[in-house]
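Two complexes, one shared chain (chain A), two partners (chain B, chain C).
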Partner chain A sequence: MAEDPTNIDTEQKWPLDPEEYKRYGRQLIMPEIGLQGQLNLKSSSVLIVGVGGLGCPAAAYLAGAGVGKIGLVDGDTVEKSNLHRQILHSTATVGMSKVESAIKYLTSLNPTVKYVPHIAHVSTETTLDLFTPYDLVLDCTDTPASRYLISDTCVLLGKPLISASALRIDGQLMILNYPPLPPGNSKGGPCYRCFFPKPPSPESVTSCGEGGILGPVVGVMGVLQALEAIKLICAGINSEEPVESRDRPILHIFSGRPGATSPFQFRAIPFRGRKSNCAVCSSFATITKESLTSGSLDYQKFCGILNPVTALRAEERVSVEDFAESISKPMTEVRSAKRTDSRKYTVVDVREKVQFELGNLPGSINIPYSELCHVTRSDNVSMSAQKESSKDGQPTPAWVTTLSKTSPDASIYVICRLGNDSQLAVQKMKEYGLGKGSERFIADIKGGFSSWREMVDPTFPDY
Partner chain B sequence: MSTLNPTPTFKILYFASCATFTRLPFESLPAPLSLRDLFPTLEKRYPGMTKRVLESCAVTVNLEYVDLEDEEVTGKGTDGEGMVIKEGDEVALIPPVSSG
Partner chain C sequence: MASDTISITVEFTGGLELLFGNKKKHTVSLPGASKTKNPDITFLVNHLCENLMQDSRRELFVLDGGVRPGILVLINDADWELEGEEKYELQSGDHVLFVSTLHGG
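Our next item is the complex of A and B:
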């Protein structure tokens, strides 16, 4: 085929390729974008850290909008449980690295964008070099440690950062280090540490795997990251306009829960500028490029490490096999006779109610771990408190009453999803005297339903 | 009767892990309350809450961020009692959400 004679002409004549006018036409005609905005997008580079529930929609819209270069960072592979929310991956790419799976989709969406794969998790050794070639970073990760590391790196390199997160039906979004002025310059935008100087306690951190996540909720947050990225790129990333003359930095909170006037809610919390004693962006900063690369900063340690629970002695624990054996006979009798009170054991399932309803052992009773742990003192502090309380202030929890009614010589077996909560639950039960000295055997089932599925009943729902 | 002369209160909103801990999305607490007494009051009501969730929370009063480390806010080290949460105020406790 002969060369297209119009090709050279158009390249010289018009700032965008003919194909680009067509592809981006619907956004080009918007005054917010226009030709200059599109050229800014084309010459920009964005690094997306985490190609999961946030990173997938963010990457899709940025690729669609014509960002020139998109870097994708993730060390994980695609799992089936990702697919309800991580929209770039598909049933066919389960097992593939998330980065490769995403690039496969994005290339078919917009082949004119340059995609750069980084198949690894971020670490203190790599972030400075990894982030340097990019204009803008999107934090789409899922741990406190990575959030602090990414934010610190962006401050040290002078890159703006768009950070979002989501859990269950709630989300948060922040534009950080914008304008991206050097540490110590109070006119620069605040960083993640300015918003949250102290990391959440490891016990309070819940992952999407534990707490659950609804696809559209994390999707909304990822889409908003793309929107903010496009706006920021079109406005000029390295603008040094002081923060005062812009809208104040804002922490956006999304809730999928219905509010008084809407089926969902956005809240905007205006923030002040950089925190005067921030460890990385203030003039009293202690975190430097050197301290980052030397390995003297341990982000995992800073955020606290949750050790595997070993709360019980060996004799307070039973294996799933032993448990299966000890319940096999009485369980059939109970089922046929429907005489639950004559059993010589009680099985307490401490998973949350929704999980219990997904599948449970016949005859087991559900006392969610959150109920076991919930302590409220009735100090008459609350005016809205509607709870009953005994005169001496410490009411007996309902679950203790329930278990007290079981036959005192019946053993209590406690089971949960993975075998951590069950150990703590056994401790709680003993604290409330349910062990009757050591008359009654109370034990945790090692490894919970995870082991149960593996060793005893492979059909038990795996969610 | 207290119903005829209700005690003045402020509204406190619990987000994310705070709501998980209290098992309430919001509630009313007696006003006025000095801001520096906020965490101790909540700790009394929900033992263990300070270490577990409060320490990492952003705190807002009427949608304005307040810095509990700021001496002007808490009145610590000064003669004043610092900022006071008044009747009808809306306080929000916002812990970082890190998953995604």
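Our next item is the complex of A and C:
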């Protein structure tokens, strides 16, 4: 008996809403997605930790693809310096929490997705409860401590983790704890600790603020996280069926630099499975749900805290105010000048050349800190460095020669961006005998250009 | 019997290249073993510090005689832990990749 088609409830007749066929039509007709894939996406939930350069593009594509529920975790607010790469935020949302700013954009992109805000940084007290309602986690954070905590939580809860990172013109991506089998099951995917059992020293960790980051580079990595998430969800996150990428974990490396045959490079490095003595995913695990919530694990302490450099004595340092005063005096006021052509002071700016070129003090000379740390190898000695040799037979670095030529009674003031490298630079200068005993005053400028801008010249370029 | 010297390719990525003259790929000649043993990874790491590194901040590459935490060592594009860690004996033509993990996002 034929029914009148106009009487049939469309919600019962078709698995997706009419609007959804239109919205997702271009991916629905792909065999990789299809109706089942779309239904998987619709019933899935993804937690994105960090709504920055990785989290923004990842969230945009997952929302666009129709993931049912997206949780967003970040405790930061939008800054102007985020906008070149964090594409969900805008000039109008500077100062707003990143999570709220992102949800504002995502809601206009796809209002049918459920967005769950978590305006806070991840912490040991909250991660277990926070991650539990989600099927899949994306690590889009930017510190070692958060990366260990997120990975440990995913292992303890049996959630797959898509982890990415980027710096300067390079990016890395790994799918961790996939398949997400319980700790001790060697068939489960390795975790972050399997790759990196020990954290890097804080001195060896470079942030985007220090090293720089190119928008499209971190964008590529965030987009790849979304791609892998969609593939995982469509295949069925907990399905036992082998997926190609499951066979062996892979570290993906992207470089925006030209390679031998391409203007950019992708590289896939196959890795071992779980480490047999991993602290969280092996049968010898010491990290448990209980130890996580009891507060006995301090991830900040585990990764080390970078203390401000205190390499110099108080008398080897000058404040920006005192420095401003001493350089404002006309040259003729120099009382102890022995030679008429002598300068009373030399200002050495130890920021890298590219930063020096963004703005500098008139008359200052640029000797980048990396040059101060440069070691001249005997087989590639440059011509300028070969001219002079110090007592121990090592060639004298060119920068020492340059500074030796300044008048011995001219003070040397060393300045950098924040006041850390400048102290180490003063030490190096003294090691090379530029202090002439203690005849010459060599000091660093406390707080560097950050303090200079705050206390003396607010127009100095703030980058 | 090992030859006098073995030639390998060493590659740095993830910012480590900045410590090695901002050059990613290097061809390195290592003195081969006079007896039965070829130079291992520990030897290579020390050799790189002494002869190739152009930065005085050794702590950015080594710690306690091995590569510092946060650096992965891959021999011929495979995870070095499969190869017997720092005891892996290098062969002529080997490709050793040092990857520093990135943290930014």
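Operating definition for what follows: the second predicted complex is superposed on the first by the 415 of 463 C-alpha atoms of A that agree within 3 Å, B and C clash if a C-alpha of one lies under 4 Å from a C-alpha of the other, contacts with A are read in each partner's own complex, and residues count from 1 in each chain.
Methods note: a contact is a pair of C-beta atoms (placed from the backbone, for glycine too) under 8 Å apart; a residue touches a chain by one contact, two chains touch by 3 or more.
Bear in mind the structure is a predicted one, so any value in this text is a computation, not a measurement.
S.K.: Since both structures carry chain A, what do chain B and chain C do when superposed there: clash or fit?
M.R.: Once chain A is superposed (C-alpha atoms), there is a clash between chain B and chain C.
S.K.: Looking at A:S404 after the superposition, I want to know if it touches chain B, chain C, both of them or none. Which is it: first, second, both, neither?
M.R.: A:S404 sits against neither chain B nor chain C.
S.K.: State whether A:G53 touches chain B only (first), chain C only (second), both chains, or neither.
M.R.: Once the two structures are laid over each other on A, A:G53 reaches both partners.
S.K.: Please indicate which partner A:T286 is in contact with in the superposed arrangement: first for chain B, second for chain C, both, or neither.
M.R.: neither
S.K.: Applying the document's definition of touch, where does A:F271 land relative to chain B and chain C: first, second, both, or neither?
M.R.: A:F271 contacts both chain B and chain C.
S.K.: According to the stated criteria, A:S370 is in contact with first (chain B), second (chain C), both, or neither; which is it?
M.R.: Both chain B and chain C are touched by A:S370.
S.K.: Residues of chain A that sit at the chain B interface in one complex and at the chain C interface in the other, please.
M.R.: 50, 52-54, 140-144, 147, 164-167, 170-172, 195-201, 203-208, 211, 213, 218, 251, 253, 269-272, 275, 370, 374-377, 379
S.K.: Using the touch definition up top, name the residues of chain A that touch chain C in the complex.
M.R.: On the chain A side, the touching residues are 50, 52-55, 140-144, 147, 164-168, 170-172, 195-201, 203-208, 211, 213, 218, 251, 253, 255, 269-272, 275, 370, 373-377, 379-380.
S.K.: How about chain C: which of its residues touch chain A in the complex?
M.R.: Spelled out, the residues of chain C in touch with chain A are 13-15, 18, 21, 51-57, 59-60, 63, 68-70, 72, 74, 77-79, 81-82, 97, 99-105.
S.K.: Considering only the defined contacts, which chain B positions touch chain A in the complex?
M.R.: 6-7, 9, 15-17, 20-21, 23, 25, 27-30, 41, 44-48, 51-53, 55-56, 58, 60, 63-65, 67, 69, 92, 94-100
S.K.: Which residues, counting only chain A, touch chain B once they are in their complex?
M.R.: Residue list for chain A touching chain B: 50, 52-54, 140-144, 147, 164-167, 170-172, 195-201, 203-208, 211, 213, 218, 221, 251, 253, 257, 267-272, 275, 277, 370, 374-377, 379, 381-385.
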